[in-house]
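Several structures are given next for inspection.
The same chain A turns up in both complexes below, where it pairs with chain B and then with chain C.
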Partner chain A sequence: MPRYGMVIDLSRCMGCRACMEACKVENNTPQAIFWMYVFRFEEGEFPNVRQWFMPRPCMHCDNAPCVKVCPVGARYKREDGLVATDWERCIGCRYCEVACPYGVNYFNWKRPDRNYYLDWGVPELRSITSGAVPPYRNPDLDQPYGEEKRRIAGGGHVKGVIEKCTFCVHRVEKGKLPACVANCPVQALLFGDLDDPESVVSRVLRQKPHFRLLEELGTEPRVFYVGGKPPGPETRQIEPVRARM
Partner chain B sequence: MRRTKERLPYGVGQITPGWLLLVGLAVAVFVSGLQAYLQQLREGLVVTGLRDIGTMGGAPWGLYVAFDVYFVGVSFAGITVAALIRLLNLKQLKPLSRMAELLTIIALLLAALAILADLGQPLRGLLNLPRYARPQSPFFGTFTLVVAGYLFASLIYFFLDGRRDAAICARIPSSLQGFHRLWASGYQGTPEEQERHHRTSFWLAIAIVPLLVTAHSTLGFVFGLQVGRPGWYSALQAPAFVVMAGISGLGLLVILAAIFRRALRAYESLNLEIFQWLGRFLFILIAIYLYFTVVEVLTGMYTGGQYERRVMETLLFGDYAPIYWFSILCLGISFALLAFQVLSQRWWISLLVLSGVLVNLAAVGKRFLIVVPSQTHGMLLPYGPGSYVPSPVEVRIILGLIGLGTLLYAVFAKVFPIMEVEAPEEALPWQARMVFSMPSRRALSPRTVVAIAMVVAGFAIQAIAYFFFAAPWGFPPRSPVYSNPRVVLVPTTVVASVESRAQALALALSILGSPPTLFILGVILVFLAAVVYELWPQKPA
Partner chain C sequence: MKLTRREFLRRGGALAGMWTGLSQLGEPVLAFLRTRGARWPWYRPDEVRITYNYCDMCMWRCGMLVYTVNGRVVKVEGNPKDPKSRGRLCGRGQAAVAHLYDPDRLRKPLIRTGERGTWSFREATWEEALDRAAEALTRLRDQYGPESVAWFAHTTGDFWFGDYLPLAFGSPNVGKPATGLCLTPREVAAQLTFGRGVGGHEPVDWENTRYIVLIGNHIGENAHNTVMQDFARALAQGAKLVVVDPRYSTAAMKAHRWLPIKPGTDTALLLAWMNVLITEGLYDREYIEKYTVGFERLAEHIRPFTPEWAAPITEIPAEVIREVAREMAAHRPQVVIPPGRHVVWYGNDTQRMRALFILNVLLGNVGRRGGLYLPRAPALDPYPHPPFPVEVAAGGCGAAAVGIRIPDTPGHPPRADGVGSKFATGPVVIQELIEPMITGQPYPIRGLVVYGVNLFHSIPNVPRTIEALKRLEFVLAIDVLPQEHLAWADIVLPEATFLERYDELWVASHRIPYIALREPAVEPLPDTRPGWWIARELGLRLGLADYFQWSSIEEYLNTRLMSVGLSLDRLREAGGVFTWPGKPYLEDYGEGETPFPTPSGKIEIYSEALARAGFDPLPVYEPVEEPPPGYFRLLYGRHPLHTFGKTQNNPWLAEVYPENEVWVNDEAAAALGLKNGDLVLLENQDGVRSGPVRVRATPRIRKDAVYLVHGFGHRGSRLSRAEGRGASDNLLITRYRLDPISGGAGMRVNFVRLIQEV
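Up next is the complex of A and B:
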């Protein structure tokens, strides 16, 4: 069984937010929801100002606070380390969201009806979809995955349930990379098996000093950052995405 | 009030204009809340002011959770007072006990409804909690202990305690006679029956007190165990919950007692002594809570890391300062009022009622401040502060719940005496000795054996369901095993095969066969033993 993890090279990230775009397209997430988010940070006083960028997917923690608190086991840890959300079982209590220190959970406050990444009203699309959608359902996202055969890919944009980054489980199970990793133009995001010493993530982690976000909380994240430092008290966010549903 | 033989005591069955006005108002508020809830069901929680933590800069938990905590808190005082009256044999407080018990039951009902209003998928909540509830989630305690255990235990206590009065009422011909007869369920008032009731209510009270501390603490743990939320992650959370629960509940009880004193002209039974007792109790609890507040502020401001201090600063000087200082002011004023009365040895019911109102305002404010600021300002990553303002829909739903509670209380007061009916035939005084002495004559009657067997079986079922059947405890939860029941009594293959033919049956099977249901059944079985013990048919002499 592999042990998936992600490595993010902060020295490479240029804040283009292509990963956010790729995630939205791949998972068809509704308006104002960012399973992948890229912080743009600023530090210091003029003229000694430094700008840097930090992508923030779900950390897929080994000791995940969200998994521990879920009252019905809809949020669970898979053998391969992915923290999955069974959107068929979720009752929408949002406990995982308040338990998560990283703010990666997004609730479906309403049925997503418009403002998808594609405008479903345009005639060219209608000829393809025969007017059946929205909400559009990618058949891949609807399938059950894993030994447990539970619906955990990003197909559940159902009103009243929680969703978050799935590490693109529907792609990973087919041997592909998550959409954000595959679409990063500068290979700042790397994905692979932490148990395989020859995998790209293992090699990078061997060579470079790394840290994990909020490591002191004991959540044991599976996302490692290299080539930078964690945000501190002096770090300010600039150009935040101010999308509120 | 002219009391004749024909009339039911304490205004039962007599409709007054004031009562009609109150009920009409309560119904109107409740209907408005219901309409708001239907709108929320249709459109989703987008109609509330709640939003996601993080990029959306909101709070996913808001007014619903704050009021759930408030309602559970209110329920505390009711059953505590009732249990204390029984355990410490506070005879002069007896008129208070039914009022208090009813307050507990209704408040718990409202708490359950408030959580239901909070769920994004309420129907799934009702089905999936009994099917999949996990003991590792702090919600498990809220769901099994508070709703199943606590509510059920209170209902049993309430039912058994009311049988004597029901029997008295059932003798008076009225349209409610059938209901009273049903409640009395064959109660005759014989010395044996009284003795048995003393015994069961004593053991129930003993069982309820620890259950109640646990239940209120679990609600504190819902917040206190979250390492990632500064302001929540504190060992003081659970004890402060219990104390605040006592304050709000006692405050409400003072108000209720004053209302009934006036409405029923019950100046003798609800005398000043009762109010004094409540006032002293309230005084002590407020003192403890104010102490907790000082400790909390000191810890947050003095030592606090940057995150802890940020939350504390928004409370003291920032966005939440008006609510915070208003709550503290309310607590301070009622503390001063009570201190004055305690020290001067002179008591005014109007001042006590004022303190009751003030502490409840403070309680609502403090509950809101426990729930919300840690979400909007307690981010550990530099997201920037969020905001939360309740929407009209939320306010209407909460008001509707309060209306529902008022309605239930008012209706109950008209179908059953809200205070213990004084009856000369009460022959057997309560003595602690009696509880421990063996039942008279025969050492072990079948009724005792069955009751004890039920208690033992109930606890056994709970233990089995909790430790062997439910998802195992594990640290850290590295495998899918930790999120699913270990043993399902009805195999999933059976459920799946039934599902194709009868979906409802499959659903029922999957619920019945799951460990959380089993655990709740165990809890219920334990408390049902008391009913069986009292209602076991008497062998004709």
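Up next is the complex of A and C:
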């Protein structure tokens, strides 16, 4: 059984946010829900200034606090290391959202069809669009995944449940890379089996110094950052996090 | 009975397996079931279809695969076989799906009922709209000659409305914003120096370079997919990077040196670098001797332009200038100063681009590994057609060969953009076609066909454009979205998006010459039509049937493909892309074969052509006007999730970056009593005011300039998400300095002050 992990090379990232859009397209996340988010930072004073970007997916922690607090077992750790949400079982208590120190959980306050940028069901819009309601729906997400056959991909996008990054389980199970990794124009995102010494992630982690976010909390994240440093007290966030519900 | 979700799911389990039957229930029922988390797949596996396309979200044109289910596009991916995307797409490309399904899209042909400048239209049939348009164009042609109609075109369909139909119609006044508002100085400078243009895909040999110097080239904000890929790889391989920019751009954050140059002084820096390379004997002597002419004159010319001369001008210390020149030389020929794209800055831009090219030449990198490679285009025959009554270089990203010679067709009216009088040479510059609409000089332009060009966001001096629109007798607009300028059209034709249509082949000049296919992934939305169809229908109505002898686009494409032994089917089998070997390096050229088709057959450091035309044959620096007290120089650029003024309404892109903000140096902002997030109005030197825009106080910009992402601040459009968001740089660019050589519109000559909203 592989042990999946991600490496993010901050020295490569150019903050283009293709990963955010790739996630949106692949996983059909409703408006204001970003399973992948790119944080933007600056430091220093003119002309000795520095700017850098930090993509943040779910960390898929080995010691995931969200799994521990879930009262119904909807949030669970798969054997391959993916922290998944069985959206059929989720009761929307949002404990995971509180427990997660990385802010990767998004709660569906509205029915997703009311939250796909526009309510396509309203008659006025239907008349304009001649009934061409966008699918915003990747067929690959409509199956149960894993040996347990649980419905985790796509996060369900159901009102009243939590969703978050799945490491694109539906792609990974087919041997493809997560959409953000596959699309990153600068190859800042790498994905692979941490147990395989020949995998690209293992090789990079052997070669380069790395850190994990909020490592001191003991969550054992599966996302490793290379080519940079964690934000510190001297770091200013360039813009507020957008569209967080 | 009201069904809870959980209750429904419990029952739904029993229904699993019945989905096949249920999928025949029709969309409303299925939609209802889906939102309640129905268990059965909503599609059949055999319904998933992949079609080939090349992206039109910007003009880079990355190959893509389009996934459709049941007549709907569900996602797009990069085509792994495509030399540009290599299986990856930028954020804008991915959001193509949301572009296709933008509910604001134009849906019906429209015919004006009220006054120009207002959205007063009635819906019409295609038949009626095309008949009316053709009637009006025919009348103008008969009464005033074909040259009285100008054609503006951008995006892929500009082949039909910029390169084909207008030339068949007989008008030399064909403008593309990619020329005078973007690339023209670079293309003309390259033509003069190398006898060949740069082309749309800048031929930088990223993979072999060891040292990169960017002059105001915002890679990472300019999210051209392949450039980002290659640039990141070059840096990962250890290439050094110097970024020269008044603003700490995304590219600057990757640099080992950021030179926060004083705006408008880049040519002085380039001259000083040449000075160091030559006086210290660091240039590539052998290369210069073998491939160039005019070096001695340059050596003489640059003698006074020492780093000490340039330091106070550029505000870059002399020792830094010297060190960078030495570092460049130490890495030659694997060192490159890429030409960049949007180069119309100060009106002296051809000289700056010549200086940039000559600096590359001194380093001996043109046609060498790690420098600028020599691109090549596949040779594909056009569909056979009678010769056009006019031959004119409309230019564009892959600008056709243009020398100092003006390509007028004897016996036909000359271009109205003032080439030969206002400026010397180059493709038609779009912004100079506005003047004849107002003044009637050199002759009146009375009609306009505008395809995919936002008249108020791409062409500077909006008041002048409006004045021109008021005087035109007829305006036909073809577009996908209801942009603001459509309110000035007499007839509006709604085009299908690039995901819904065939189009002309994408014939790419590249290291690997290739062609790419665009085929429709889905049917066009009702009452929208592909550009080729519109062009053909108009052409037939204009009596140009000889130019449209094909009846279907498949026939057209197959005929063109036949000339290289291909067909649509074979192109599909090949994965939507077909490549040929290129000739990127000098060693690929045999004895007696030169890749530099200049008059001398060599790289012309000293330009006889310029000298003859009365210009400085070697690059010179001329100072630019400074902002008055209290004003900042207005700079602008790109956001990686937006293309010009055409993506602000895209739901997915607007979600992440809904409005631009004005970058102001943090200390300068504090002095004005402004802090991050404050709303301000920008007022330019002519008193034109923008809408409210937020301040981004940051140390990442000099104190003498402010910066806006281009394309925001839509006003008077019917774009529900873009309308009124952010500030428009183009609105504030009321003046520009015309480059006397190429006709480029230097736009960084505007100044703004910040007015706090109370």
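Note that the second predicted complex is superposed on the first by the 215 of 245 C-alpha atoms of A that agree within 3 Å, B and C clash if a C-alpha of one lies under 4 Å from a C-alpha of the other, contacts with A are read in each partner's own complex, and residues count from 1 in each chain.
Here is the rule we use: a residue touches a chain if its C-beta (ideal position, glycine included) is under 8 Å from a C-beta of that chain, and two chains touch if they have at least 3 such contacts.
The model shown is predicted, which means the values in this text are computed figures rather than measured ones.
Applying the stated contact rule after C-alpha superposition, one finds that A:Pro209 touches neither chain B nor chain C. Residue contacts after overlaying the shared chain place A:Arg17 against chain C, while chain B stays out of touching range. By the document's definition of touching, both partners, chain B and chain C, reach A:Ala32.
With both structures placed on the common chain, the touch criterion links A:Arg111 to chain B and to chain C. When the two structures are aligned on the shared chain, A:Asn138 is found in touch with chain C, with no touch to chain B. In the superposition on chain A, A:Pro71 makes contact with chain B only, while chain C stays out of contact range. Shared interface residues of chain A, touching chain B in one complex and chain C in the other, are 32, 34, 111, 159-160, 242-243.
Looking at the complex, you find that chain A touches chain C at residues 9, 11-12, 14-18, 20-22, 24-26, 31-32, 34, 42, 44-47, 49-52, 87-88, 111-113, 117-118, 120-121, 125, 128-139, 142-143, 156, 158-160, 182-188, 238-239, 242-243.
Listing the residues of chain A that touch chain B in their complex gives 32-34, 37, 39, 41, 56, 62-65, 67-79, 89-95, 97-111, 146-148, 159-162, 213-214, 217-220, 231, 233, 235-237, 240-245. On the side of chain B, the complex with chain A involves touching residues 43-46, 50-58, 60-61, 115, 118-122, 124-125, 128-129, 131-134, 136-140, 143, 222, 226-229, 306, 375, 379-384, 471, 475-480, 482-484. Within the complex formed with chain A, the residues of chain C that make contact are 5, 9, 27, 31, 34-35, 37, 41-43, 45, 48, 69, 72-78, 87-92, 94-95, 97-98, 100-101, 103, 107, 219-220, 223, 225, 228-229, 231-233, 235-236, 248, 250, 252-254, 258, 260, 525-526, 640-641, 651-653, 655-656, 665-667, 696, 698-703.
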